[in-house]
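Letters A, B and C mark the chains as written, and numbering starts fresh at 1 in each.
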Amino acid sequence: MFIRLLKEAFRLTPAFLFGSTGETLTEKSGHLNLGTPGIMCMGVAGGMIGINLYDKICGGFENASPVLTFIFVVFFALLLGALSGLIFSFFTVSLRCNQNVMGLAYTTFGIGFYGLIFKTIESSHFQSIFFYNNYCSTINTLFISDQACTNNFQYLFGANGVLWFMSFTIAIAVAVVLKRTKVGLFVRAVGENAGCADAAGINVSTYRYVTTIIGSAISALGGLYYFVEMNVGLLEFGNVDAYGWLAVALVIFTLWKTDLGILGAILFAFLFKLPEIYGLPSPQLNMLFQYLPYFVTIIILVMISAFDKKAAQAPGNLGIPYFREER
Amino acid sequence: MSKTVLEKDKNNLESNEAKAPREKLFHIAKRMDVSLQYKIIVRVISIVTALLMCAFVLNIFKPGKFFTIFSSSFNALTGSTNKFFITLDEFAILLGISIAILPAFKMKFWNLGAEGQILIGGLAAVLVSKYIGPYVPNVLCTILMLIFAIIAGGVWALIPAFFKAKFNTNETLFTLMMNYLAMGFIAFFEQVIDPAHGTIAQLTNGTFPDATDNVKTIIAFVIVVLMTLFMFGYLNKTKHGYELTVVGETRNTAKYIGINVKAVIMRTVVLCGILCGIIGYFTVLKQKSISPNIIGGKGFTAVMIAWLGHMNVVEVIVMAFLVAFITRGSSVAATNVDLGSAFTNITIAIFLITILAFEFFLNYEVHFNKKIFKSKKEVKEVEE
Amino acid sequence: MSPSLLVLLNMKKNLVLQLKNISKSFGKVQANSNVSLDLYEGEILSLLGENGSGKTSLMNIVAGIYFPDSGSVEIKGEPVKITSPKDAFKYKIGMVHQHFKLVDIFTATENVVVGLDKKTRASILEDSENVKVQETKEQPKENILKRVFNFITKSNLKDSADRIKNICNKYGFVLDPNKRVCDMSVSEKQTLEIIKTLYRGVDILILDEPTAVLTPQEIDKLFAVLRKMKEAGKSIIIITHKLNEVMDISDRITVLRKGELIGTVNKVDTSIEQLTEMMVGQKTELNIERSEPKGKEKLLEVKNLSVKNAFGHDVLEDISFELKEGEILGIAGISGNGQKELLEAIAGVQPIANGEVIYHRLKKNKPVSFYHKSLNQIKTLASEGAFHTSKGEKVNFEGITNFEIRNRVNNGEILFNDNETMLLKGKNPREIRELGIHLAFVPEDRLGMGLVGNMNINENMMLRSYRKGNGPFLNFKKPRDTAEKIINELEVATTSANVQVKKLSGGNVQKVLVGREIAYAPSVFMVAYPVRGLDINSSYTIYNLLNKQKQNGVGIIYVGEDLDVLLALADRILVLCNGKVSGVVDARKVDKRELGALMLGK
């Protein structure tokens, strides 16, 4: 039972991890992107668009190549994610709009967009329920299935998709870049004090654009993972954005460190799956315990603010638009 | 001006451009004084553009339906009595929530938790109706429902406010998470009340099942109008309103004049919760039940309305009306052209994002580099 | 001025920077109009002018922070466009801003390398100035393993740290490259800023008010470094408004007034008197009248006061002093040594960790009013025995109806006890006021603490008095009258009292703030840097207002940075260093050097 719980938790982890990694990168440059849930929705939409286009090219999933399908979905998810980042930064960097409001508006947009894509494409495929499922299953033939596993280690770690591995790799890579490289130093300088960075000759706008675009593209992969590898194309409408909010909360929880983010995401996933796998004596309590992660997030928010004031520092200029000629 | 001089200028200019190709075409400066007239013009242009954008998006998904969204919006407003009342209901709720969160936002407290505060208020009303209703007269029951809704909403809002005041806990995420917790409680009580179906059946006690929806809409609307009037006075004419404005502007000034910042934060956010509780109450009155998705993200929409209305009651009324107008229009248009409810989300987002973009013109002004344009002209003249 | 000499100078040296007819405006404010300026190789040019004369704006244009509305910039005779600080570095221009542009949580080295990309680095390496040229150029040939190792261990930063040490040795700076900025003193931060520009190999160094935050001793050190740099062929522009420094360090002086160029003179050809005239427009008497303190009675006593900051460190330790009525107590010290915390602790804004602030009420028979007090508070104070009646009897409210109490208070029958000592520790500004103590306070941060920038003048007047009166509603009438009065009496330049305060100029903002605090009829008046950013005329208005208050018997605490003014205005001066009192001196007997030594804690 515990192994199954671990497995399920590991399986859920990237849904949070991609989002929190992307959001951390964005926030390190001083941008608070509350549009992350919406961008994750855009990732799902990207997956759907990719599958549909590939469907038109290959003509039915019987002929589909798993690798090509995978490339298509990833490409479109990244594209839509990057595009979202571009739009978000155009509004918040170039037009200096309020980041919170823009984020909320973009989340509303993303939720609408993937619902709409789902709806429009659904009406053109009568076999809709299994349409995405078929393609996503095709992709998943690339990997070892749970049934084929011979030992627990393989069951826990081996039987996962490319995106699953990518989520951890990207999280570590982002941590290394932010901590160890000059570019990372520059990004942190922009996020800490844009005025100083600018006076030192860093192009603040460019840095914010680039980190937000990359961060959004990473976040979009979170939606895609949820859609393709976790749920194998079977969508529960209205869950992606909830995961998105938890991903945003995870950023604070992990003190703006993406390597810690891995542990945080596993913990969140664990809490999420705990009541589901073990089950509680009554269905009522079971229902209540499904909301445990939100409660834990609140507890953690309070603890961070109450106990650790210096270490839990957000980037100094988080949420503040930069205007050089401000007097 | 003699020709030789101009030619010399031209040469100079060319050499300039060769050495410094990065000269900007325009540059941006902060706008210092904004006249009311200018504000109104920008606002009108932004609203018109936003409406056109919505129509444009509809046209992408259903070509040739460019004007559908306008016709269906007007249709939703004037088509029939029923449609009018649905639109009025939408407007009342949006305005109600926007007004309810207004003091918090004026204090720069990002209360994203209006939805949760409404839900928990509604849940309290439902529980009163369910468990106390059978034993008391109808009128008493409905009064008790209102009182408990207010208490529940207030307490729910007090939790994040308390931690904000005490530890400066990030309220944006706190209130957001409180929304999901409220949904969790509703899901829990759905299971408790009716384990078989997992929903709450239509309530009869204290919800006036005989009154028509339209009458209830009017009651809700009147309550919202009263709330709006109250809020206008509260924010602009009272000591409380003054205090929360100072706290919102600069914490240090508030400390400097001895305002008890913590108390003001808690008091103001609890007021938000109380007003949200009232909204929860009349939502239950009308729906006679409650479910986790009954508010459907209107809390976020209200946040954007309050912000884009510059926390000013009059502007908020206009914005809420426009958003209600667009929401109804796009939902009617969506059913007309088969796009589903997701389309409403998109139009609202596009509408609000466009207006947000135009905020830029209220805060900044763009100076085009006259020299480049002028010199190009001069060069042309010389060529002639 | 002798033109022949100028020509001679020009012949000798190369022109490195030329500004031609620069204009720049912010909204309706014209910061610079048609300003031209020349800078030669190996010279120190002072840019002199009052606050608000457009010196900083002009230099920000050279440094790429602002972009001019019109006019051109030429470097070594070639026209250039500087659209960003990066461009400025490309043309070897570096600026040390008055508010340092450093990232607090980074180390010195990290701050230096921030913003340096490969191209900029390459140009630095070309510069013969910078050491280790050979070594670094070989770097690309190193094997990949070593580079990966370097990457992981951050040794690329070690290289930079070494180069910083070399620069330090060359010019005689003292700085630890691995120290974090948030742990640095002000003068260390300034050193770091200068090193930052040298590291980039600048030829033109601009310093904005570099001496404002330094002690006289530190200023000497800075000037020595600048002279060394000048000998090394660098050109330096110093923005300042202090005339003696100008005469000390500069070769030539360019004077601005109200955004316009007044003229450029050689130091050898000019005098302080001439410069003053150029700066202010007419010769003004720079004397501040100082009357003898009137009373002898203690008004305020501070005993063993300690204050801790948010991280639990002591920012004030064991401060004791007393303030008498009708005297001005100056407080000197390098900024950030506890001045702000001291005033805030007395005013009740900062919590006091230890010690006590004692107020002596000297006014006789002050009637109690509902001005800032609720009925309950009056009842509590009465039970504590804080009042007496007009007939000199004890006040006892027991068994009396609220209505009756209200009547008696409103009739002025209830008076505060005379010669009462009151402990202010643990009370917030509102509670202090409720005790009937008028403690006026003009904080350093005018728009962030004293006033609300987004509110208009009327609404700002209400900050102190909005609680007046019963009931939940605000009274708009009184504040409007006060605003009107202040605008007229202090000649605040504004179109109406409905203008947002943040739109007023610095001097007018200060007049509104000081005016409001004086309208509060203070018995203790605390002011922090009241003339910072003000032109000379406005400064003198403020000095006169303070002196007038002093003659009325008000005890004034004046925190200032200009030692000349402190010496001329104050009766006694208390010097703070590292949150401790390093001395209390008689302002009539002490000189600047001694003050400087005390400021450094010697």
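As a working rule, contacts are C-beta pairs under 8 Å (C-beta built on N, C-alpha and C of every residue); 3 or more make two chains touch, one makes a residue touch a chain.
Values in this document were obtained by computation on a predicted structure and should not be read as measured data.
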item: Pair of chains joined by the greatest number of C-beta pairs in contact; value: A-B
item: Identity of the chain that, by mean CA position, is farthest from subunit B; value: C
item: Interchain centroid distance [CA atoms averaged], subunit A/subunit B, Å; value: 26
item: Rounded Å distance, subunit A centre to subunit C centre (Cα mean); value: 46
item: For subunit B paired with subunit C, centre-to-centre distance based on mean C-alpha positions, whole Å; value: 41
item: Junction residues of subunit C - those touching two or more other chains; value: 26, 67
item: Two or more partner chains touched - positions in subunit A; value: 325, 327
item: Sites on subunit B at which at least two other chains make contact; value: 29-30
item: List of subunit C residues in touch with subunit A within their complex; value: 26, 63, 65-67, 84-86, 88-89, 95, 97, 101-106, 110-111, 113-116, 120, 151-152, 154, 156, 196, 310-311
item: Complex contacts: residues of subunit A adjacent to subunit C; value: 180-182, 185-186, 188-189, 192-193, 195-203, 309-310, 313, 316, 324-325, 327
item: Subunit C-touching residues of subunit B, taken from the complex the two chains share; value: 16, 19-20, 22-24, 27, 29-33, 237-243, 245-246, 249-250, 252-253, 255-260, 367, 371
item: For the subunit C and subunit B complex, residues of the former touching the latter; value: 26-29, 67, 69-70, 78-81, 83, 87, 347-349, 428-433, 441, 443, 445, 447-455, 459, 462-464, 466-467, 472-474, 503
item: Contact set on subunit B toward subunit A in their complex; value: 28-30, 61, 110, 112, 163, 166-170, 172-174, 176-178, 180-181, 183-185, 187-188, 190-192, 195, 293, 297, 300-301, 303-304, 307-308, 338-350, 352-353, 356-357, 359-360, 363-364
